[in-house]
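Should a chain be cited, it is by its letter among A, B, C, D, E, F, G and H, assigned in written order, with residues numbered from 1 in that chain.
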Amino acid sequence: MNEKELIFILENVAKGSLSVENAQTQLKKMAFEDIDGYATVDHHRAIRKGFPEVIFGQGKTSDQIVGIMTAMSNISDEVVLVTRITYEKALEVIKVFPDAIFHEDAKMLILSRKEPEIRSNGNILVISAGTSDIPIAKEAYLTAKSMGNHVNTIFDVGVAGIHRLFAHRREIENASVIIVVAGMEGALPSVVAGMVKAPVIAVPTSIGYGAGFGGIAALLGMLNSCSSNVAVVNIDNGFGAGYMASSINQIRNHA
Amino acid sequence: MNEKELIFILENVAKGSLSVENAQTQLKKMAFEDIDGYATVDHHRAIRKGFPEVIFGQGKTSDQIVGIMTAMSNISDEVVLVTRITYEKALEVIKVFPDAIFHEDAKMLILSRKEPEIRSNGNILVISAGTSDIPIAKEAYLTAKSMGNHVNTIFDVGVAGIHRLFAHRREIENASVIIVVAGMEGALPSVVAGMVKAPVIAVPTSIGYGAGFGGIAALLGMLNSCSSNVAVVNIDNGFGAGYMASSINQIRNHA
Amino acid sequence: MNEKELIFILENVAKGSLSVENAQTQLKKMAFEDIDGYATVDHHRAIRKGFPEVIFGQGKTSDQIVGIMTAMSNISDEVVLVTRITYEKALEVIKVFPDAIFHEDAKMLILSRKEPEIRSNGNILVISAGTSDIPIAKEAYLTAKSMGNHVNTIFDVGVAGIHRLFAHRREIENASVIIVVAGMEGALPSVVAGMVKAPVIAVPTSIGYGAGFGGIAALLGMLNSCSSNVAVVNIDNGFGAGYMASSINQIRNHA
Amino acid sequence: MNEKELIFILENVAKGSLSVENAQTQLKKMAFEDIDGYATVDHHRAIRKGFPEVIFGQGKTSDQIVGIMTAMSNISDEVVLVTRITYEKALEVIKVFPDAIFHEDAKMLILSRKEPEIRSNGNILVISAGTSDIPIAKEAYLTAKSMGNHVNTIFDVGVAGIHRLFAHRREIENASVIIVVAGMEGALPSVVAGMVKAPVIAVPTSIGYGAGFGGIAALLGMLNSCSSNVAVVNIDNGFGAGYMASSINQIRNHA
Amino acid sequence: MNEKELIFILENVAKGSLSVENAQTQLKKMAFEDIDGYATVDHHRAIRKGFPEVIFGQGKTSDQIVGIMTAMSNISDEVVLVTRITYEKALEVIKVFPDAIFHEDAKMLILSRKEPEIRSNGNILVISAGTSDIPIAKEAYLTAKSMGNHVNTIFDVGVAGIHRLFAHRREIENASVIIVVAGMEGALPSVVAGMVKAPVIAVPTSIGYGAGFGGIAALLGMLNSCSSNVAVVNIDNGFGAGYMASSINQIRNHA
Amino acid sequence: MNEKELIFILENVAKGSLSVENAQTQLKKMAFEDIDGYATVDHHRAIRKGFPEVIFGQGKTSDQIVGIMTAMSNISDEVVLVTRITYEKALEVIKVFPDAIFHEDAKMLILSRKEPEIRSNGNILVISAGTSDIPIAKEAYLTAKSMGNHVNTIFDVGVAGIHRLFAHRREIENASVIIVVAGMEGALPSVVAGMVKAPVIAVPTSIGYGAGFGGIAALLGMLNSCSSNVAVVNIDNGFGAGYMASSINQIRNHA
Amino acid sequence: MNEKELIFILENVAKGSLSVENAQTQLKKMAFEDIDGYATVDHHRAIRKGFPEVIFGQGKTSDQIVGIMTAMSNISDEVVLVTRITYEKALEVIKVFPDAIFHEDAKMLILSRKEPEIRSNGNILVISAGTSDIPIAKEAYLTAKSMGNHVNTIFDVGVAGIHRLFAHRREIENASVIIVVAGMEGALPSVVAGMVKAPVIAVPTSIGYGAGFGGIAALLGMLNSCSSNVAVVNIDNGFGAGYMASSINQIRNHA
Amino acid sequence: MNEKELIFILENVAKGSLSVENAQTQLKKMAFEDIDGYATVDHHRAIRKGFPEVIFGQGKTSDQIVGIMTAMSNISDEVVLVTRITYEKALEVIKVFPDAIFHEDAKMLILSRKEPEIRSNGNILVISAGTSDIPIAKEAYLTAKSMGNHVNTIFDVGVAGIHRLFAHRREIENASVIIVVAGMEGALPSVVAGMVKAPVIAVPTSIGYGAGFGGIAALLGMLNSCSSNVAVVNIDNGFGAGYMASSINQIRNHA
C-alpha cells in the first residue's frame, strides 16, 4: 500500500463510499501482516520508504515466497521483487503468478502489473569491469529500473585496458549516479570516481580466485578508494546498489 | 582553480586584458603541478569534480603539507582541507597560514578564505551512536559544511535506548541525506535507514575493544544491513562520508 | 538416569526389593558406558546437570546414533535429543525407534516417551529476525521445550521495520529469558536487550552472503552489543541457546 | 531515576505536596537528557532495565565523564559506574566527586552513595584461570556486586593443574550463576560447565601472546564449548559478564 | 630401500655374489627415481629418515599412485602408506595391488608385505575427544602402528564429562607419547598434558560448525595451551601426528 | 592485431593497394570491439603489450567464449588463449573451433594457427614442489610457451628431500627466469632463489588442507621469502606466472 | 616438592623423626597453595610432571612474582623459572632473590640453587634461522638446560644460503631432538626435518613485517610442513619448545 | 667477495705472488663466516647471486650490525646495505663506519666505497601513488641504484587523478622494468601494467587506515590484478622490489 492508495481509502471514507468497518479492515493490515507465523510483512514500508518490502529469496521455500507475494499483491498493485531466487523455486512461483518474469542471470523474479512510474529526471549508469560481473550488474539494473529510474549500462571496461573506459567519457560524466561493479582487485570505482563529481556506488563481486577470497580483495579495495565520492555495498549485492542508487536519484534536495 | 576562475581567465584573454603568455602560465598549472618531486597537485580536480584536492595529512611532513597548501592557495581561493593532521603538525602549518583553523577532535585543518557557497537546498544530517564516536562525526560535519551544504547533527542516540532516536523522528525524516556514525556492533544505520527513504551513508568507527577488532565488527554489520538504502565507507572515514553525502546532496537529477 | 531414578534404586535396595547385585549392575553404568569402543556415554550427566547427554548428529553414522540412543534409553526414560541429523540418517534411526519424531527444519530428532515436566514458572521467548532464521529458532524452541520450560515464539521482526517488534512489546517485557536469533548484521539482540531487564541469549545465524562471512558479521555484532544483558552462543547454535536459556530459567536463586 | 523515585514523585503530586510544574520539570528529564550536545543520558533506563546507564570511559574526556555523572547524580542516588577509565582521568573525576572510588586493576570508578540493596537470594561465583586474568575478573565482580548480588571469587585455577579446580567443587556446585574468566586457550569454561547445571558466562581475556591473537583463541574456544550451558561475552568484557550474571541472578521465574 | 637392504647389497658385492654392474644399477635408484616426469620418488628417505616416503593421495590420480607404489615396491619390501585417498581411487589401486588394505574411515591404503618390526619398548596412546573425531584418530593409530610402535586408543572422553577421562588415568600416565585428537574448542590436550610428563601431540580436527571455522578454533586452542608439554600438527593431520609420535618414541636418547 | 599487421595496413594504404575506407574500417576495430553488449575486446592490446587479450573462462558461458574468440580470430592470426575453462565448455567451443586444443590438467584451451615465434634467447624454467602442483605448473608452461619462449620443466622436487633439487643444480643455474610452483608451506621458492641470481616468480597453490587455508600458507610463505629475488602471483595463478616470466624474458634491457 | 622430597618426608614419619602433625602441615601444601587470593601455586606439579610450575611473568606485578617465588622456594629447592619478565620487573625481583639471574635477550629470570641434574643421555639441538630469532632460541636453550638436558645451538643458518646449514650436517644428524626457530616464511624446519629421523619442534617467531603478520606466515608454514617429523608450538614460544623437547628427550621408552 | 676478487686471488697464486697458505686463509672464509656465534655471514653470496648479503637491521643490535659490516668489508669492497635501521642505531654504526650514509626516509644505511658499476643498458622506473608512499619508493630506488642500474622516479600519480599518470606515458613506456608503490586500494599497478609490456613489480604499502589493515587491502588488490605482467612483493618491501627489479634488469637472456 503506497501513499496514493492510503489517500484513496481515506477520501472514500470521507465521501461515504467506503464504510468505516471496511476501511478499518484494510488499514489494520497497513502496519504489518502476520502470515502463518513464518513472516511479518511490512505493508507500511511503501508509505515510509517509497517502495514496498522486497523478498530475499535465499533460505525461503517457494511456498513461503508465494505466501508473501500473495499478501503483498492483495494489498497493493506495486511491483514485487524477489531476489536471490533459484531457477527451481522460480518455476514453482510462476505457476501461481504467471505474470511474474524470471531473470536467470540476475536470479530475480519480478511481478510488475504496471509500468513503473519514472520518479526522477536524473539517470543512473551501471558499469561493470568484466563480462563475468554482468549478473550482479544486471541485478542492480533491474532493481533501479523497477523503482522508477532511467538506467543505462556499460559492460566489460576494466582497468587493464583503460582506453575502453575513456571512450565512454561523455556518458559517464552525464550520469546522476553511477554504480560500478567489479571483482578481482576492484580498482574500477576509484578510476571512475576520479573522473566525475557524481556519487559512485561500488559493488565488489566474488569473481576471481585464490587471494580474491570470494570478493574480499575487491571489497577492501573499494573501501580504501583514494577517490572520495565512493561508498560501498556488500559483495555481490547488486540489489542493494540499485536500491541505494534509486534512493539517491530520488532525493528531495530541491524542495 | 574552479570553473569560474577558468572562465574568468579566458574572458580576460578575449578582452585583451590578459596576455597570452600570462594566461598560458596560469593554465599550464591547471592540469597538475609538481612540487619539489614529492607531490603532484591535481589542480584540475576542482573543475572535474566540483571541489579541489584534499590533503591527506597522515604520513606527510608539515613541510610537505605547507608546500601543497601554498601551491593550492596560489592558484585558487577555494577552501583547503587537511585531514588526519596531528596537533603538532597543525601548529607548524598555522605558523605559515595563520588563517587556517585546527579542529582538534576531528583532526582537521581548514583554510577557508571565504564562506562556502551553499550549493543545494537539501540538508545533510549527521547522527552518532555514542559520545566516543563524535570525533569522526565532526570530521563528516566539517567536510560537508566546507563543501557548501546545510548540515545538522544529533549525537549519542545508540540502539541500547532507542527511544532517544525516535524523539528526533521528524528531523530524521526531513533530511535529504543522512550520515550515521557508529562503533561497536554498528547497528544504528540499519535502524535509521528502516525509518526513511533518504540515502544513508554508514561510517563504522574503531570505538570498542576485543572482538570489535578496531571497527571490523561495525564495518561488517553495516555491509550486511537488512535495510537497503545504506552504503558504507571505510572505518573512521568521516571525511569520505561527508564528501559522499555532499556529492549526493548536489546531484544533478532535475536537469 | 536422573536423580529420582537413582533414589528409586537405592530405596528398593533399602526395602530389600532389589538385590545388591542388580543394583550394582545398574549403578556401574551410571558413571559412563563404553559402546563398542566408539562412544563413552555419560550417564551421570542427568544427575550432575539435570538433563541427559545430547547426541551431536553431525559426523556420526546412523548406526552410531542408534547405538548411543539404545544405551541411553535402556538406562532411563528421559527424553533423548539428537541434533544436526540429516533427513537420511533420521529415516534410518526411526526404523529402530519408531516413536522418535524428526523435525526437518530444525534438523532434530526427539525421542520423548513422556511429556517433559515443567520445571520453572518463568517463560522463555524465542524471537527471530527473519523468515530464513526460523530453522535455528526452531532448534532453540524444541530444545528449551524438551527440557521442561514454557516457550513462546515471535518470528520475522527484524530491525528494518522496527515497529513490527514494538507491537510485541508487552510479550517481550514479560519474558523471563529471551533468545534472539538473527543473521546478516545481527542487530536485533541489542535492540531487544535495550528494552528489557531480562537476560538475552543472542544466536548469530549463517543467513546472508558476501561480507556476512557465514555468520561472522552477526557474531561480531552480537559480541559488541552496546546493551549489556546479552551473551552469545556459536553461529547457528540454536540448540545451545535453548539449553542455556533453560539453565537460566531453572536457576536456584530463591533457595 | 528508578521506579521507587518515580512513584514517590507521583504520590507527592497526589498528596498536593509537589506542584504539577515541579513534577513536570523532574519528569521531563526522565526519558533522556541532552548534555551540551555531546551526550544523551538515558535516565529512563533505571525504570526500564532495573539499573541506570553505565558510563563507558574509553574515548571520553574526563570533562565529559564529569558532565554525565553530574546529570545522573542530580536525578537519582543510584550507583554510578564508569568502566575502562584510566588512572589519569579518574584523578580528574575524583576532584569533582571525592566519594567516588577508583579500582585500579579493574579500571573502574564507582560512585555509590548507599550500599546496594541485595535483590536475589542466589549467589554469583567468579572464577579466573590465571593470575593475569584477575583484572577482568575484578571488573565482573565489582559490577555484579554494585548491582545488588552476593558475589564470591576463586582465582588461578586453570586446567593445567585441574585438581586445584576440583578442590572447590562444593562452592562451584552451589553457585546460582558462574562467570569464568580465561585467556590463552580458554578451556576452563567447558570444564566448569561440565560439572554443574547452573548457567556459565564465559569471558575470554586478551592474556597470552602469538597465536592467542589478543583473545581470539580464547573467544573461539568458548564459542565452541562442548558443554552447552555456556554463553560468551566480548574479549576482556568483565563488565558485561557481571551485568549479564546479575540479570540472570535476578530473573523473575517464580512470579 | 632401508639400511639393512643397503648393507645386504654391499656385503654381496664384497662376497662377489653380486656384480658391480648390478649393484650399480640398484644403487643408482637409491637417491631418487623419476617416474614419467610426474614424480621424483625419494628412495633415499628410508635410509635417511628410517621410514620410506609416504604417498599423499589428495590431488593425485590413481594411475599416478599406482606408478609411485610400483617404483617403491620394486626397490624395497617396506610398508607403503597412501594417505587421503578416496574410496574410488582406492578401488582402482587395489586392482593392481590386491594385498593392499583400504581403511575407509581413516582414508588410508596400506600395502604391508611383512609385519612391521617393533622398534621401541615405549607405547603410544591415541585419545579422541568425540566420536566424530575417530577417523583422524584412526589415521594416527594406523600410521604409528605401521611404523613399528605399540599403540593403544581411548575414544570419546571429552572435557564436558571429565570423569570419563580420569577413569583412564593409569593408562594415560603409563604412555610414552600421547596423541590427543579433538575438534570444537580443542581443550582436551591441555587437560591431558597437565596430568602427565610425557610429550603430547595435539591434533585439531575440523569437527564442529560456525565459529569452529573448520578446525581453527581447536588449532588456536592447542597452540595456546597452558600446559607446556604440548606441540601441535595441522588440522586433521592424523598422519603427521602418528609419524611425529613414532619419531619421538624411537629417539636415540640412551646411546 | 599486432604491430606487424598494423604496419602492413598502413603500407598498403601508402602504396594505394588499400582504400582509405577499408583501412578505416579495419583500424576502427583496432582500439576495441563491443560484442553484443557483454564484452569489449581490447584489440589494441597486442600492439600495446606484445600479446593479445587472454580470455578468462571462469564465469563466462561457452557462447560468450566463442563470441570473443571469433572477434579475436577475425582481426588477427595471433594465438588465442582461454584459461580456467571446464571440460564441458571446452567441448562446446571446440565444435566451433576444431583446431583449438584443450589441455585438461591445465584447464586451458589454445587456438594457435601458427607456431609461436621465439622472441628471446633466454629460457624459462618451471619447477614444481609436488606431483599435485603439476596442473598449475602446466598452466604456466603452456602460457610461456605460447608467448614465444624456450621453456623447460622439473617436477616433484620439494624441500622434504632437498637432494632431489640439488641434482638439477646446473639446469637451475642456467635459467634466465625461474617459476617455482608450490603448495603446503611454500618453502621451495626461497631455497631455489637462494641458489641463483635469476629472478624467481613464486606461485602458491591451493594444494594442502587444514591450516593450508586453500593456499594462504604458501602465499604468505612466499611473500615473506628471506631470498630477495622473488616476487609472487596469486594462488593457483599459473597463467599469470607464465605471462610475467615471458614479459621478463623479453625485456628490452640491451637497447 | 619433587618425588624425592616426598619420599624423604614419608620415611622420616616412618622412622619417627618427623611428627605426624608436621608432616601433615608440609603435605597439605603439596597439592597447591593459595597466595593472598591472587595465585594458586601447583606444588604437586613437580611430582606429577617431573618439573615444578613455571611463572608466566607477563601480566603479573613484580610483587606477585616475588610472592609465588617465595612459596615455591620455601617448599622445594628445585629451579624456579620466570618467563616473559621485563627488565624493570626483574630488577625488583632480584632485590628479594639476589641469586636469581636475569637473561635479558631471552627475558627470563632463573633461580637455580643447584646445578640441574642431567636426566637423559640424549642431546637437544637448537637451530635459529636468523640473528633476529636468537632471543627466542635462547629462551628454548635456557629452558631445556634448566630442565636437565645436554643442549647445543647453531644460529643464523636460514634457507637463503642453505650451504651454511649443510656444513653442520653431522651435528644435526646426531641430535636426539631438534628445535628449529624461524620467522619470515618459516621454511627452515621443513628442510631440517627432511634431513633427519629425529623429532623436530618448530617455533615460529614474530620476526618479519608486512604479510608476516607477527609470525602467522611462519606459523602456517610450519603447520603445513611437507616433512612429517615436525610439530609446532605457539609464535615466539621458545619456552614451550624447550619444555616439549625436554619432555621428549626424557621419555620412558626403554622401560 | 665477488667473482673478480676470486679470480684475482687465484691468478696471484698461479703467478706465485700469493702463497698457498694466505690464499687458503682468504678462501676459507669464502663460504661463510661465523661471527661470535650470533651471525653466519654468507660471503659466497656475491659469487652465487651477483650481490653480497644485505643486512636486515630490524631486531639486530647496533653492535651486531657493526660486527657483520666489519666481516663483510674485510673480505670485499662491494657495497654494504643495511635495511630497516632506526636513526638511533644508524648513529652508532656511523661512529664506526663514518663513510656510511644514512637515508632517513628509506631507513637505509649504505656503505659504498666505490661507485656501483652499471650492469645493464636497461632502466628501472619507480612510480609511487602518493606522497606518503615515498619512503618505500626511496628504499626501492636506493637498492636498485646500489646494485648497478639506471633508475628513475615519478611520485604522487595515483588513480584518483589519472591524467597525472598519462602525462608520463612516454617515460613509462620506455622503462625496462617498472616498480609501482601504492597503499590504500593498491590500484595503480594494474593501470600501469595495462599500459606497457614491461614487467611490473608491485609493492603494497601500509599507508591508509581502517579497512586498509596495514597494507592488506593493497596487497590483495595487487595479487588480484587483472593485468598479467604484475608480480608482488611483501607489504612495505621496497628493498625486495628494488632487488627483484635489478635481478630482472640484469638477466642473461641474450647469451
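What we mean here is this: a residue touches a chain if its C-beta (ideal position, glycine included) is under 8 Å from a C-beta of that chain, and two chains touch if they have at least 3 such contacts.
Note that the structure is predicted; figures quoted are calculated from it, not measured.
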Note: chains that touch subunit D and subunit E both are C, G
Centroid of subunit E to centroid of subunit F, CA atoms only: how many Å? 39
The distance between the C-alpha centres of subunit C and subunit F, rounded to whole Å, is 55
Averaging C-alpha coordinates per chain, one finds the centres of subunit F and subunit H separated by a number of Å equal to 27
Check each residue of subunit A and list the ones that touch at least two other chains. 130, 160-161, 194-195, 210-212, 216, 219, 223-224, 234-235
Chains touch in the following pairs A-B, A-C, A-F, A-H, B-C, B-D, B-H, C-D, C-E, D-E, D-G, E-F, E-G, F-G, F-H, G-H
For a test of understanding, state which residues of subunit D touch subunit E in their complex under the given definition. 129-130, 158-162, 184-187, 190-191, 193-195, 208, 210-213, 216-218, 220-227
Residue ranges of subunit B touching subunit H (in the complex, touch as defined): 31-32, 37-40, 42, 44-45, 53, 56, 58-60, 64, 68, 84, 204, 206, 214-216, 219, 234-237
Hey, which residues of subunit F end up touching subunit E in the complex? 130-132, 134, 153, 155-157, 160-161, 163-164, 167, 207, 209-212
Inside the complex, what are the residues of subunit G that reach subunit E? 48-51, 54, 120-122, 176-177, 194-199, 201, 219, 223-224, 228-235, 239-241, 243-244, 247-255
